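Below are two complexes that have chain A in common, paired first with chain B and then with chain C.
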Partner chain A sequence: MGQTLVYGILNGALYGIIALGIALVFGVMRYLNLAHGSFIILGAYGSLFLFHLGIDPFASIPLISILLFLAGAVLFKASFSRLTILPEGNKIKNSLLISFGLMLLIDNLATLIWTGDERSITPSYSGFTFGLFGLRLPLIGLMGVLLALVLISILHLFLTRTYFGKSVTAVSQDHEAASLMGININQTFLISFAISLTLASIPSVLIGLKAFSPTAGIQWFNKGIIVVMLSGIGNIYGVFPAGLFLGIMEAISVFLFGAPYREVTGLAVFILIMILFPKGLFGKRIEA
Partner chain B sequence: MLKVEHIDVHYGDLQVLWDVSLEVKDGEIVALIGSNGAGKTTLIRTIAGLHKPSSGNISYNGILLNNQSPHKIVALGISMVPEGRRLFPKMTVLGNLEMGAFHKEARPEKDKTLHWVYEIFPALRERSQQSAGSLSGGEQQMLAIGRALMAKNRFLLLDEMSLGLSPLLVKNIFEIVVQINKAGISIFIVEQNVPMTLKVADRAYILESGHIVGQGMAKALLKTAHIREAYLGINPV
Partner chain C sequence: MIHSKNVVLTTLVAALFVIFPFMVRSEYLLNLLVMFFLYVTLAESWNLLGGFAGQISLGHSAFFGIGALITRLLWVGKIPISLALFGGGVAAALLAGIVGIPCLRMRSAYFPIGTLALSMIAQITVGNIFPLAGSLSSEYIVGYSLSSRYYLALLVAVLTVLVVYQVVNSRKGLALVAIRDDEGAAEAMGVKTFRYKILALLISSFLTGLGGGIFAYHQVSYYYYTTFELSWSFLPTLTTFIGGLGTILGPIIGSMCFLALSEIFAISLGEIHILIFGFTFILIVLFLPGGLMSVTQWTYKFSFKAFKRRYF
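Right, the complex of A and B next:
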């Protein structure tokens, strides 16, 4: 049971970081980026490429981050920027359409370039585990949790301590009023979108170290969006605990009913929570 | 000086403003009065850059504002207090005020301006750490005005600021508007509360169904039969 919980927490941390990127874009601009998972997979291929050049996957995170940031900025300018003036409901619908197209494009290009084979980054420490109180703690999973915590702290400091970060919060609460404060909302949207893809770099490497194929993105996006909903829309700080919650629920179901029912249990818990707490687990508390 | 020259404004196919012209000289309080749906808010939002005129020109100190985005217009010296206050409800009072000083020229002087805003609205200092959403209606309106003042601009657009406030609070707020004007800030005010507005304004324009149908010195307008009948409910004797 203890070991099950450990795996649940490690998986949950990964779900949490995936969801953070989705939540940032959804919370600030009401864009739903279906292609977020595809970018994670692209990042994984990037990390695999660098690994073959002799660069450690964790050391490749900064470079992957920069590349994803630039990709996000260009992509936003090219496609999503036209949506900024639309009413909220239309923004969600149109961003869904655009990002669905993007997802198909990226997934199929990835299949063309790298074939549909499943890949994996395999450094020498792949299977390394620590022993603690009779539990096995895999090194890579622990690194994931650590990076997730660092990332959330950085994002928190950025949103609460810098003028630009505060303007992101203002735009998420009322973007028209924010524009009347002299905030360039298009720029805020662009940078938030780029940061959201930057946040994909850590899941890129963590998933790269597991296993991935060109079309795996949507599965990870699904986990992410479930966590965003569990946490409550617009609440960035609830995302990580909600990720852990989903991870642990899945782990418990594996323990009780076996691995084939993991996804089912995750979705059942999700539906149950949406019925009991329509605003999500943390919908009312600290919001950003 | 703010100059609006012959502007038409459309929402899609629907025309809302026809050939509207007006001007606000430095140091003036100019009011735009008219009934619900006359297009007052559309006009003030067009000046702030939230709508684009389909023809005509808007300029401030000789610089064309027509195709500027709202954040550029703030940087050019015009701030707006929007209808319905539009605060950032989950941010603190201080956080809202800080956002008001976002644009580059205002930011270095933030602390000084904050001191001045707290002098005008002492209640905001007491509530600085409270969330904006928890304030009363009157306090929210004060915060909305204070937030616009934080931009250190010489021109203020006020849209329906008396909406939903008690008569006593309305009187207070109008006194503060005069005080702000005395500090050298030109004011363009859009209001449904006609008697109060005409008492504090220097000049006023009357907007009906998207057309400017009259203008003049505010005190003189108060005495005209049309205003007394249509807006004050007083029958001519």
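Right, the complex of A and C next:
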């Protein structure tokens, strides 16, 4: 039981990081990026490629971040920027449709290039574990938790201490008022979107160290969106605890119903939340 | 709304499909047409909910899958196929009633995600319960005739198009379109939006279930969970959007294009036709919300007839 909980917490941290990227775009721009998981998988392939060149997966994070940032900026300019003027409901729906098409594109391109085989990055330390009070703590999972904490601190400092971060917060609270205050909404959106894909680089390495296949993106997106709904839309700080909550809940469900139904639990909880609390469980209830 | 010209044309096309097996003996073409009818059924029934009522569902694979599963189990259990097919449709509508209606309670922008979650739950659960392929027993294989599949698929496809046409060209259809265009305004005008959305969902899922039954009747052997795969939700979404959202003819055109592309790239790895369709889909959402159907309207706009009407 204790061991299951440990794995739950370690997985939960990963879910938290995935959700962070989705929450940033969803909370600030009301864009729902269904292809977020596919970008994570793309990043994982990039990291695998670099690993074969002899670069450590964790060392490849910066390079992948930069690539994803550029990809995000180009992508936003090319497609999503047309939606900025739409009202909220249409914006969510149309961004969802576009990213749905993108997801199909990326997944099938990935299958075409790398075949449908399941792959994973296997550095020498991939199976390494620490022992503590009779529990096994895998090194990679701990790295995930560490990275998640670092990432959230950086994002927090960015959003509250920098001028641009404050403009992102302002746009997320009321984008009309923000534009009246002289904030360039298009630019804010562009950079938020690019940052959201940059945030995908860390889960992509962590998932790369587990196992991934071209069509796994949607599953990881699901984890992310469940966590976002749990934490409440527009509430970036609730994401990490909500991720841990989902991880622990999954661990408990594995304990009760067996491993095959692990995914089902999260999804069922998600549907329940959507019906009962359409604005999410914890967190501020920001009305857009 | 029924024009005599349309009726004549439709009857002619239907008659052509009816006598087609007598003229062409190619099994390949007949199988292709069965798949075409299946795609039309799925796209048209999806269109009722997504195109006319504006509730984009990414979870129709659950309804398709349950229809296929129930039809197959009933049919293999010695129940006549017509009854089994009906049972599959009812099962799909029931599933929609139990889990789909709560999804409709969500704000409409989240409906796609909710239904996506629903279909993933269905896929995983069925994959756990029925991990093996369902093959037909030898007596069924001996009695297998392609033409009966062909006509049943044709019947279901025609039925679907007719039902959607009837619903859309009635008071209910007006209510659905009003909900799509502005739910709040429709509500204020006295349209019971939730009730109409449920109606559209139930009809749509029932017809999708029938489509699933056709698949189960047509295939000799398949893994039960493959009918729950997400691609069965993506397919009607793609074909309807590309053909023309909220039109009767659009999904048919979309299905035709999809089938043609998938046959051209049948032997390639990684499903190039999905690649092309995905790309086209993005372009259409961005630039051409009316789909390919609006292109035909353009040609009218620039045609001689329109020119004459405007200036003479």
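Keep this in mind: the second predicted complex is superposed on the first by the 272 of 288 C-alpha atoms of A that agree within 3 Å, B and C clash if a C-alpha of one lies under 4 Å from a C-alpha of the other, contacts with A are read in each partner's own complex, and residues count from 1 in each chain.
Assume a contact is a pair of C-beta atoms (placed from the backbone, for glycine too) under 8 Å apart; a residue touches a chain by one contact, two chains touch by 3 or more.
In this text the structure is predicted, and so the values were computed from the model without any measurement.
Participant: Report for A:V150: first if it touches chain B alone, second if chain C alone, otherwise both or neither.
Facilitator: neither
Participant: Go through the superposed model and pick first if A:I98 touches only chain B, second if only chain C, both, or neither.
Facilitator: Touch status of A:I98: second partner only.
Participant: Classify the contacts of A:N108 with the two partner chains as first (chain B alone), second (chain C alone), both, or neither.
Facilitator: second
Participant: Using the touch definition from the top, say if A:A170 reaches chain B (first), chain C (second), both or neither.
Facilitator: The answer is first: A:A170 touches chain B but not chain C.
Participant: Kindly classify A:A178 by the partners it touches after superposition: chain B alone (first), chain C alone (second), both, or neither?
Facilitator: A:A178: touches chain B, not chain C.
Participant: Once the shared chain is lined up, is A:E263 touching chain B (first), chain C (second), both, or neither of them?
Facilitator: A:E263 sits against chain C, while chain B stays out of touch.
Participant: Which partner does A:I55 reach: the first (chain B), the second (chain C), both, or neither?
Facilitator: It touches nothing on chain B or chain C.
Participant: By residue count, which of the two partners contacts chain A more extensively, chain B or chain C?
Facilitator: Looking at chain A, the partner in contact with more of its residues is C.
Participant: Across the two complexes, find the residues of chain A that touch chain B and also touch chain C.
Facilitator: none
Participant: Spell out the part of chain A that touches chain C in their complex, as residue ranges.
Facilitator: Against chain C, chain A makes touches at 32, 79, 82, 88-89, 92-94, 96-98, 100-105, 108-109, 111-113, 115-116, 218-219, 222, 225, 260-261, 263-264, 267-268, 270-271, 274-275, 278.
Participant: Hey, which residues of chain A end up touching chain B in the complex?
Facilitator: 163, 166-167, 169-170, 173-174, 176-186, 287
Participant: Within their complex, state which residues of chain B touch chain A.
Facilitator: 48-50, 69-71, 74-75, 79-80, 82, 86-91, 95, 98-100, 102-103, 106-107, 147-148, 151
Participant: Can you check the complex and tell me which residues of chain C touch chain A?
Facilitator: The contact residues of chain C facing chain A are 56, 58, 99, 102-103, 105-110, 112-114, 116-118, 120-121, 124-125, 128, 230, 234, 237-238, 241, 269-272, 274-275, 277-279, 281-282, 285-286.
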